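Here chain A shows up in two complexes: once beside chain B, once beside chain C.
Moving on to the complex of A and B:
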């Protein structure tokens, strides 16, 4: 419609700089937030022994079940000028507007806090596994070399865990880039809001897709930079004794517990209580019979997507392991994971084209035989699951690739000399070692799919609803209270695999 | 062992869905389910025509229609603004409907010149002000809110929102672009805070003394008054509505409306549905349930709408809003209206 050159010169003259700087600060802020919370909590759980540790081990994963825009709405309800906290302060001290300072929740800083609170589990989950599996002998060597605890952390543990932490961090940051709901509500103009503004407001789809590509180029650059920075290093670990956790003294125990409590409180409990309150007090329509159908639909989509995402990631991982290292497969894996940085609507529109082209082609071919096929894939759940995979494959790819890299090739060779065939190596050697990563990446994709809204909205078949769609529908005209029952159900359904995963990881670590 | 590829294909086919039924109509709706489903259920009861529904964001639905092309199963597109209907028409996705019933009951300015789409309810976007701090005499037009006396007194949501884009487009339609550009420059200087949140948040901000006036859609205020949230009820009680530009072109209104898809295979049912949505009972439902204004004359308002009084609406042909949307967004970008 609009002239693309005009659009670009308009963007450059007016808003592009703001998009770029805001996006930069947002990504940097969330990076600091998720690494500090994620690494600290992972270290505490993996390496320290304190009362409540096994409880916090899974409680710290809970914020994952909270969609960022939901937590943004709930905190706005609590911390806004007209919210209970500020109203209380004004009543108590007889203040009026402008008499006191209170941080504004609907701001760039607020968006950084919200996203850090729900995205740190990516770093936590991955770093925890990395820290827990580090071998004891390295630390003994460090001790002998005269390194103190702090030096051992920064010189041994952290560098060893780095590739894994970077995977978690890049997932969190890609999710940040893809977010639209939170930044839009907080009035922070970033790339994702810019893409939609250009597309819908200026009516320029081409410029919007160019903006999206620009975003991907930046992501590619950052990921490439990271890989380049550790190009020589190989992070294969010897097996051997896994390090044991250190029993904390009582003061440190208290600090550790306090840290975990605050994180779980802010990232999960407080918003959850707010949602529960809304469900009980304000929501007009609470649970009805259709909720079962919705829950079933959500579960079906999420488990199929999680299963496929794990299988595909595993296939990619083996493609790399069993072939000579080559640029082609490496970049294929790289590209397959990029969808995570794009808003769901963009992915949805992106998958429409190939499927509808295919449908039209089939329709025309069948027409020669007098058959009308109509649309086969478009508007079907196949296309929706495909879109989910494009969007979420990064999660399982990152997880499983890292885990695969950690299995030393010597194991394969040892198994071969003992007469194992390739299939035996996969089933009896690799899979047990990969089990934790397979489960946790499956869980992450499952929960992500459960929460996914824009692609589901755009691609679903007629009369097909999920919990996320229903929560959006009920959050009518900026009213989250009515959506609270649906959101609570999403969170509860998301809890099932979290608890199950934790239990199986626990039993896994016992058997090892 | 089952090969993964076999498994994947089996899963995929278990997921593919094909819809077939005799008498039905398929809707892509940007109106949320709870704001249209009750009406559709009534329609099914009255006519025995089954209604299949997908709701979604208007632009994503448009993209879907465009991709599905002539094979699309959709018969009707429902949107919550005229701009998207205009876009659908421009893309050749809609067809003309010659229904004397629709022509008779929907005023000409609320439908497309070629009858490719029809407004089904109007949504007014007046000025809302603090009853305590603002004298209604000090208010007159949208344009007057750019005067220096309103410095630091105006709250309004982001310009990414379609309602603000349409409002500015309506100004562009009424005045020369330079004047609207100047208005925007001055208007932005009067903002009490950077735009954030939705219409309800602006109304709350006025109630709490952060600013004195805002521009918002009436049904948000109605929702606050009728909802279960005590804070919002209290906030809404401090707000009054002012109908701007009554001496001139009138208060800006947008529509929710519908058009029939060009390749519709259920055209007769689709026309029936549109006529039903323009019927007296359906029109009354819009007013009662969501406090939108009926497009049809003689339909009773809800008591709340009644209490806000009648007003002169800007009767610009709504297609213009679609035509001028991109220009409006550019001017808002230039003025720094986030």
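Moving on to the complex of A and C:
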């Protein structure tokens, strides 16, 4: 106990302040980054008409498939001293080491850039819908009141879209706090890396929990902000005639296209090309036995988690449909839906401690009977999948609940008057209607599991590796090119739901 | 019970959290092939009564018989799916994932009808409702009127003992409703289907039903033919609710020489008041409401110094009447 107390006071004396300030700057930096990129791109797509608009509407979502830690590897490869850019500069201008200033990518600023580049789609997607659905008569009223275009943006559009933008921003910042790969790789000390180091470096579970609790305070604040803004966003929603996009003149068209090209280039295309180059040209072994083993492990974990997440979400949805609304069910569903806000590191700490306590308890009890059980749950896939479910259940829960709510109770009643029992209603009516959302929510959980780094690193069984963990290990060993095959696999699988999301949003806007 | 197809007796419905009864002591009977309508303002309990008959609501007391089978009573509550009731919902509630033909065939699987006949029943129902060319389409690909016909077809295909319709015309164009209500009546009569519809629209009810039940505050105020509820309203509410007219107090009625009807209600409709230059009474016109085919007038008639009566009168559309004008009329009953 004394030892643990020492660890905590040691942390307070040395690194705690650094964790706090770095986390603060990181969150602030990413907030500025994602809102400026997100709002600008959303405005361009929703309210301006220019050549290539529908293509960019789609392409701007692509960075969502890139985990921040992955573009961190690729930009390190591109921008560090031995990378192609600096080599080119030295070669062209005949500079040597130290002759010129070049910003260091492995820094707090670098981490802010990486995360902004892949997290802005959260703001973009939500703000785009908000801007596109604003009622035309409001702006006509603004015009009559003598507001110019700029004033109409700042006095009408932005305030109306603000709650929705804040929802997107909170989601992006939750991801920022959850990130472990980028900050660890860049050597930036923040909470998530600190929790990891305290636990695995210093072996101190208590101090790690204390750090986690501090981080949790920030997470809960963001969660509250998100929930509050969601309610507010519902309140400011308006129907009526929707405003149409303004055709840009040729100079502005060029600027709009340039902005979109640069964002998509930096957030997706450039890193993707780099990964493809590494995989095809530089990697020593690409599709060897280890790679297939890793892929198999990842697919196994991701499909088990996805399947369970869908089944549990479906059970929750039926619990709500078939019982009268009550506080117990409502709070259960609410709680189950909060896990997405928790960083993988916190979940790892929160899952590991109770499971190991349980294990030791079982072990001791069994020892009385002369049975050697060992540790059953700790370091097993059960614990890992459990942790994934806490983090990703919200995804399937939200999707399936929405789909279930869209089936009106009258449909069930109609089936009943036609002689169908509950089991028949589920089988002949509900499942066919829920099919798409069951599939898409399963897919989203699948991809999220595939990408999840810190929880997997902390909780995986001994000698069990996944694509995400192995690529992180290789990247940390400066074997970026060898990490590429695993990384590009994650990205390619991650593209499936992003493309699906785009396609379904497109078809939705068509039918409306 | 007797040979009636539907017999509802003394059905009440009270929700624990609300003080007012949704239904109180509602009773009605329907014979085989009869078409009835529950008519009332929103919140009068008409839809609740329909849902009690269907089995979606459980009454607090009373009994419901479907033919000789007790659907609700002290002994038992028959589940919805075993009541053999067809229902047409207000928003139709068509299965969006099934074609028109599959929607119509949905209930056949659970009916006692032989499997070999299913295809021919679907075929006949499609033809009956003029939907043959839409058989393979999905609900979102057809018009609102067609959707309504699919909902009717789906409900009648399994040959239910009773068809319930919850405001089936409310999603359709106003000018189509009366015509469609009439057409649906012809169809149900031809198939000898017993039906009960809920609506708030008098024209719809008059065009559709043999019997109309006027509901108010959870009670069936009157259960009778269209003609009887118009000419012989049994309560002041029915007299006021159906058609135009004014219910008088006994003193007012005496002054105007208006007799009570069979139920003791003093009702004066505009058609009872004939405008004539030499009428017995004078009315000062307070408002003029042109209705196209004719003009409705509201006027105040002074009988004695302290007795004044507000009346509704009607004149030809081409007759120019100004507010404030005084017209003389006589009572023709």
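Keep this in mind: the second predicted complex is superposed on the first by the 306 of 512 C-alpha atoms of A that agree within 3 Å, B and C clash if a C-alpha of one lies under 4 Å from a C-alpha of the other, contacts with A are read in each partner's own complex, and residues count from 1 in each chain.
Here is the rule we go by: contacts are C-beta pairs under 8 Å (C-beta built on N, C-alpha and C of every residue); 3 or more make two chains touch, one makes a residue touch a chain.
Keep in mind the model is a prediction, meaning the values are calculated, not measured.
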Determine, under the contact definition given at the top, whether A:203 touches first (chain B), second (chain C), both, or neither. first
Regarding the shared-chain residue A:153, is it in contact with chain B (first), chain C (second), both, or neither? neither
Regarding the shared-chain residue A:96, is it in contact with chain B (first), chain C (second), both, or neither? first
Under the stated touch criterion, which partner chain does A:82 make contact with: chain B (first), chain C (second), both, or neither? first
Partner chain in contact with A:69 - chain B first, chain C second, else both or neither: neither
Applying the document's definition of touch, where does A:432 land relative to chain B and chain C: first, second, both, or neither? second
Of chain B and chain C, the partner touching more residues of chain A is B
Mind working out whether A:424 is in touch with chain B, chain C, both or neither, as first, second, both or neither? second
Quick one: in the complex, what on chain B touches chain A? 4, 7-8, 11-13, 15-19, 26, 32-35, 52-57, 59-61, 63-64, 67-69, 71-73, 87, 90, 158, 160, 162, 165, 194-201, 204-205, 207-210, 219-220, 223, 227-229, 231, 235, 325-326, 329-330, 333-334, 338
Residues of chain A that touch chain B when the two form their complex: 1-2, 10, 13-15, 76, 80-82, 87, 96-97, 106-107, 184-187, 189, 193, 196-197, 199-204, 281-284, 304, 308, 311, 315, 345, 348-349, 352-353, 355-356, 359-360, 363, 374-382, 385, 454, 457-465, 469, 473-474, 476-479, 481
Chain A partner contacts - residues on chain C that touch it in the complex: 54-56, 79-87, 89-91, 93-97, 106-107, 109-111, 154-155, 158, 160, 164
Could you pull out which chain A residues touch chain C in their complex? 408, 410-411, 413-421, 424, 428-429, 432-433
